[in-house]
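In the two assemblies presented below, chain A is common to both, partnered first by chain B and then by chain C.
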Partner chain A sequence: MNGKIEIIIRPLAFILLATILCGIIFEIAGFSAILMFNSILDGAFLGSRSLEKSLRWALPLFITAVGVGISFRCGFFNIGAQGQFYMGSVCAVYVTEYMSGANAVIVIPLGMIAGMTGGALWSLWPGYLKLRYGVDEVITTLMSNFIAGLILVYVTSGPLKDQSGSGQQASTKILPSEFRISDASGVSLTIILITISVGITGWLIINRTSFGTLSSLAGRNPTMLKYQGGKIWQLGLVSFIISGMLAGLSGSIELFGPSGRVVSGFLPTHGFTAILVALVASYAVIGTAFSALFFGGLFSAALFLPIFTGLPTSAIDLFNAIIALLITARITLGKKFLRNRWSHSHD
Partner chain B sequence: MIEFHEFLVAILRSGTPLIYAALAGVIVHRSGVWHLGLEGIMIIGACVTIIGIVLTNSFIVAILSAIIICIIVSILQWFVIEKLKANQIIVGLGITGIGIGGTAFAVESIFGSLAAISAPFGIPRVGDTFGPYSGLSILVFIMPFAVLSLWVLLLRSRFGLRLAAAGEHPFAARSVGANPSIMRLIAFCVGGLFCALAGAELAAGSLQIFAQNMVAGRGFMGFAAVIFGGGHPVGSAFAAMFFSIVSVVGIRMQIHLGNFVSHDLLLCLPYIVTVLGIWIAARAKGRTNSASQPSELRDQ
Partner chain C sequence: MLYNRNSDFKIVTEEHKDIPAISCRDVSVSFGAVSALSDISIDLPLGVIHAVVGQNGAGKTTFARVIAGIVKPDSGSLLINGKKIVLGSVASSRSTGIELVHQSFALPPSFTVAEALEYGSGGGIGLFKKRDLNNRWRRHLEALEMDIDPRHLIQDLPIELQQAVEIARALFSNANILILDEPTAVLSPSGIAGLFKRLRRLRDTGVTIILVLHKIREIWEIADTITVLRKGKLIDGPMELGWTKPESLAPMIMGAKSLKENISRKSDENSENKVLDQKAISTLLKSKKHALEIEGVSTETTDHEVSLENMSIKVYQDEIVGIAGVEGNGQVTLLRVLAGLSDISKGKIKICGQEVTHFNLSKRRLLGLRIIPFDRNMEGLSLTSELWENWVASELAVTPLIRWINPMKIKERCKISMSEWDVAYNSPEQKASDLSGGNCQKLILSRELNDEAGMVVAAQPTRGLDIGATNFVWTTLERARSRGCGVLLISSDLDELFKISDRILVMLSGSIIRELNPPYDLEKAGRAMVGESG
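Entry: the complex of A and B
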């Protein structure tokens, strides 16, 4: 029981700490921190229709974060969620382009499958390099993000460019309304159902399959895994594929849902925020739902920050980064103090 | 021949920030930590240099404040990794986020908009005596000496040996009276200095401009150069130079092949070569993956 309470209290404490640190920074920069946090709370959760707006950002974050959690749980720092998200949307947009005459009932599922495949393939090559050759996945997935970003720029400004656009932002054509699964609000029954089924599947995979048990063992103690007879390359490859698939799915939902098109460089912080969501939730699915709602709310509030408080949107990026800086810290003040005293006598 | 000089100037311009970043990565790498915060600290260095020049009109003040702030952020990173025992990869990403978000925040709260800031002047140039290279900043010419002095410091000095011991076998370092934790602190401080120079060169070396997110992965590429170069200062500097040659060749190819291949895809070249470089390093060494914690924790 104690551990369970700690899992809930720890992230809350870090978020509080980050809030205080950010508040100090904002006050130094000459903004009113109280006003700012008030308006964030209002914009994210308390204001009218604000919960719906938060959900619009929370749903894709949740899907990506479940995947990130599965690969982190297995001990692989697959930080390429951003690139997999982009590749998912790019693959899905190609399906809609080549099947524009077909029925929506065929095109939308096919587009999502294409998106999942694209994301999975984009996560597969760093995974393969890692498991076959020992190439560190942190650098390869980081580089894969940059490459995917450039591929997205290429697709949206080259082959699939919307010629009628104003030229301000390169993007593909807006999908016809029968290909959309939600309006611009981004919250519809279909998307919620997909998200819930992803959540349930993720929970089952983690808690009710041998893959889930062995992969969390792999993350915590690879030596133990070896003696348990688990195959790290199998587990690793599957976890890379699942995390890429989910990021790609979330990219294709972004296309069929709220955006309706693929814009060059859209949602540039999605991957990083999804990693944060997973870390704050300690990779548990139910926790991920809450932390996705929290970060989705922050994001939706950030869009209105400049209007109400004059505070730039980047304030939220700073806040998120401070949480990232602290979230993996092992601060247990009482124990640390004790341990230090003990270890000194052993030194 | 003139074309060759132009080519070399372009390589030196794009390569110097990368090499400074790689040097910062090397010294921290040898102390046993993976420095993934290079990107963030570099962009802070770039931002502070340009804002400093704009606000104080003095290059010396600007570069000194950039160095001081970069060292402070490096110490913060050291503190969270070493004292709070946080995961160094996530902390590195967090520092990167703080760099990107924090500079955007600073620019917006000082100047009121996110538009690129341009400074009236940049790092002093070497002057006409150098012929075709007169447009290069002095930091480009300091760079070989920086590589050399880091080589002496890391491989030919008592400090360097102790630092390597702190990274590879902290127990051995402790047995000769060196505190691995303090060694890492020093490494992070020197790293902060080099990151500040990298950022300053990137922003004020030729363009004299600071734009949002202008580092664009160069910090991570510098880090990849560290791995490619096997953590050796000279090797990593050559690796960084190689990455910048590839990116310059990519830009040249845009001019000649622009009609056949999209230039966005040619821009991918340095990233692809980075992946290949890491792959080669992994083949040569067996593996390049990190322990997720400083080796301090492994030997207990």
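Entry: the complex of A and C
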């Protein structure tokens, strides 16, 4: 039972502590912390339609973060969600391009499958390098983000460039409305259903399959699992694939949903925020839902902030940064992580 | 007592000759409920090389750390050169000239030798000229006759030179007592020779050296006196080397106190067996099969492991075969080879009649192989995982990855199994780290020794356990044998081996060199373990 309570308390404790620290910094900087938090709360959850705006960010964050969590649980620090997200959107947009005449009922699922495949493949090669040759996945997945970002630039300003665009931002054409699963608000029944089914599937994988139990053991003590006959490389590859798939799915949802097109460098912090979301939730699916909602709320509040308080939007980054610092300061986790990463790479 | 085996340590000044370099009085240390050292009182004379020997967990390292001030004893006092020092303070130990060279080196790998020495000898923060630094440390290294360029990076040095740098660092602060914890563990034979040469030279300049060692051959090569610890107690010492023999040392280290009892118990059992129906015995003999066959197995030499050379072991389905040997003679490699975690270059392995040489561990497990690894906290359990996860790991590891499981049912089965095996626990959702060592081992036994077990490899299964848990483990292994399960017991505890093994194979430098049969002869076993014939 302790574990279950901890899953809820830990994210709350992080958020509370981060709020207090942020408040202190705001006060020192000469802003009213109370006003600040009021407006964040307003912008995130309480204001009219603000919950919807928060969900717009929270839903894709949740999907990506569930995947990130599965990979982290297994002891692999796959921080390539951003690139996998981009590759997912790129693969999906190609499907819409080549099947532009087909029925939406075929195109949208195919696009999403393409997105998941793209994300999975983009996660697979760092995973393979790690498991076959012991190449540090932190470095390869991090670098894979930049490569994916450049591929996105190429696609949006080259082969699939929208010629009618203003030219300020390279992007693909806006999808015809029958290919969209939501309007610009990013909240629709379809997206919510997809998110819920990802949540349920993720929960089942973690809690009700042998993979879930074994990957947790692999993340905590791979040596022990090897002596039990566990195949770390299998677990690793599957976890890399799942996390890539989900990030890629997010990318394709972004295309079919709120954005309606692929834009060079869009949602530049999505994958990294998803890492924070997963870490705050200690990789538990239910906790991830709450922490995704929280970070989504911060995103949406960021747009309100300058209007009410005179603070720049980037003040929200302070929040993210402090939470990241608090997570890093969780020394016990850090040590375990280092040890496990060590034993993975010195197989 | 006289300590003049080597006549050339006369540098010790006359007036200090009678004052011991280190004098411990009733030092006791316990970690939680475990007593690491109990009432150690010992005087170590000045200017000689002392070897502190014992098995893992005997308290050698703790002893070294008490002297270095890293561990604060619960009681007792410590006199250095006749002066009482503050216990548990590194600064205070250092100020009297004690320096500890760690088991694994603490030198920053990306520093140059000079930088590492400056940093390690407590050099302050400030500006310095690189050339001055290099020159200063070059002089120091030259004075110690160490041929090391201070401009080289630590990570580029071979391990023996890294160790030399560590020693140079320790000696900079005019150390007169140098403690080395398992210094030979990381070295090649030529590196060991170099280290020993270096240590002898230091001794001749008047430095007292304390070596924590466990290889008997090395002790004979370097030490002037020997101190034996076992289970936290001082067994004997400091003994002058000439007064003792290698073959009498092994039993002292391993302990063989209840030897006679064992032998008589063993023969009782044998006579009981004779009562068995003659017919039953003959059918038993006909159906007797090998649970494990290792045929001429060799492994490649690596840096980390002692290689096996043409090793052959056969274990019947109803016998316990003990592997005796001083630690570090290839026992770890043997276990890893059996577990399929280390590759073999030559030979065959069969489990229950089926060749498994190229099988991975999960396939071998399906044939009945079970492993109780050396380190139950790192290799046997995942301490931060829940009990039921630990318990079900081997079962899940041999099934397809994406298979539905029902944790509630697994937890129920785990509960039943843990009660059967007498594990003291609160809930299957507890972390394994909550359990005591004995209960951890019982949890491992409950997982490994289920009905499908056909061949159990148990490595040091009772290390660190109290008497109750130890007996439990022994009975368990004996019960497995009577059920028709082969048992290979790898141990460096002769008491244990004599107690439950049907025969004992002695392992030395990666080979089996002798087979011993009951009634066991302690002296013979001791001699065989250090490689002496007779």
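The rule we apply is simple: the second predicted complex is superposed on the first by the 326 of 347 C-alpha atoms of A that agree within 3 Å, B and C clash if a C-alpha of one lies under 4 Å from a C-alpha of the other, contacts with A are read in each partner's own complex, and residues count from 1 in each chain.
Here, contacts are C-beta pairs under 8 Å (C-beta built on N, C-alpha and C of every residue); 3 or more make two chains touch, one makes a residue touch a chain.
Please read all numbers here as calculations on a predicted model, not as lab measurements.
Student: With the two structures overlaid on chain A, would chain B and chain C clash, or do they fit side by side?
Tutor: Aligned on chain A, chain B and chain C clash with each other.
Student: Looking at A:Ala329 after the superposition, I want to know if it touches chain B, chain C, both of them or none. Which is it: first, second, both, neither?
Tutor: In the superposition, A:Ala329 touches chain B alone.
Student: Does chain C touch more residues of chain A than chain B does, or is it the other way round?
Tutor: Tallying touched residues of chain A, the top partner is B.
Student: Have a look at where A:Val187 lands relative to chain B and chain C in the superposition and call it first, second, both or neither.
Tutor: In the superposition, A:Val187 contacts neither chain B nor chain C.
Student: Of the two partner chains, chain B (first) and chain C (second), which one does A:Ser216 touch, if any: first, second, both, or neither?
Tutor: In the superposition, A:Ser216 touches chain C alone.
Student: Pick one for A:Val238: touches chain B only (first), chain C only (second), both, or neither.
Tutor: Only chain C; A:Val238 stays clear of chain B.
Student: With the two complexes superposed on chain A, say which partner A:Tyr227 touches: chain B (first), chain C (second), both, or neither.
Tutor: The second partner, chain C, only.
Student: With the two complexes superposed on chain A, say which partner A:Ile79 touches: chain B (first), chain C (second), both, or neither.
Tutor: first
Student: With the two complexes superposed on chain A, say which partner A:Val93 touches: chain B (first), chain C (second), both, or neither.
Tutor: It touches nothing on chain B or chain C.
Student: Kindly point out the stretch of chain C, out of 1-9, 73-81, 109-117 or 181-189, that overlaps with chain B after superposition on chain A.
Tutor: 109-117
Student: Of the residues on chain A, which ones does chain B touch that chain C also touches?
Tutor: On chain A, the chain B and chain C contacts do not overlap at all.
Student: Help me check something: in the complex, which residues belonging to chain A touch chain B?
Tutor: Touching chain B from chain A are residues 25, 29-31, 77, 79, 129-130, 133-140, 142-144, 146-147, 150-151, 153-154, 157-158, 272, 275, 279, 312, 314-331, 347.
Student: Hey, which residues of chain B end up touching chain A in the complex?
Tutor: 34, 36, 76, 80, 84-87, 89-91, 93-98, 100-102, 104-106, 108-109, 114, 174, 216-217, 220, 223-224, 227, 262, 264-265, 267-268, 271-272, 274-275, 278-279, 282-283, 286-290, 292
Student: In their shared complex, at which residues does chain A touch chain C?
Tutor: My answer: residues 1-3, 205, 207-211, 213-214, 216-217, 220-221, 223-231, 234-235, 238, 336.
Student: Given the complex with chain A, which residues does chain C contribute to the contact?
Tutor: So the residues of chain C in touch with chain A come to 339, 341, 360-362, 364-365, 371, 373, 378-386, 389-390, 392-394, 396-407, 427, 429.
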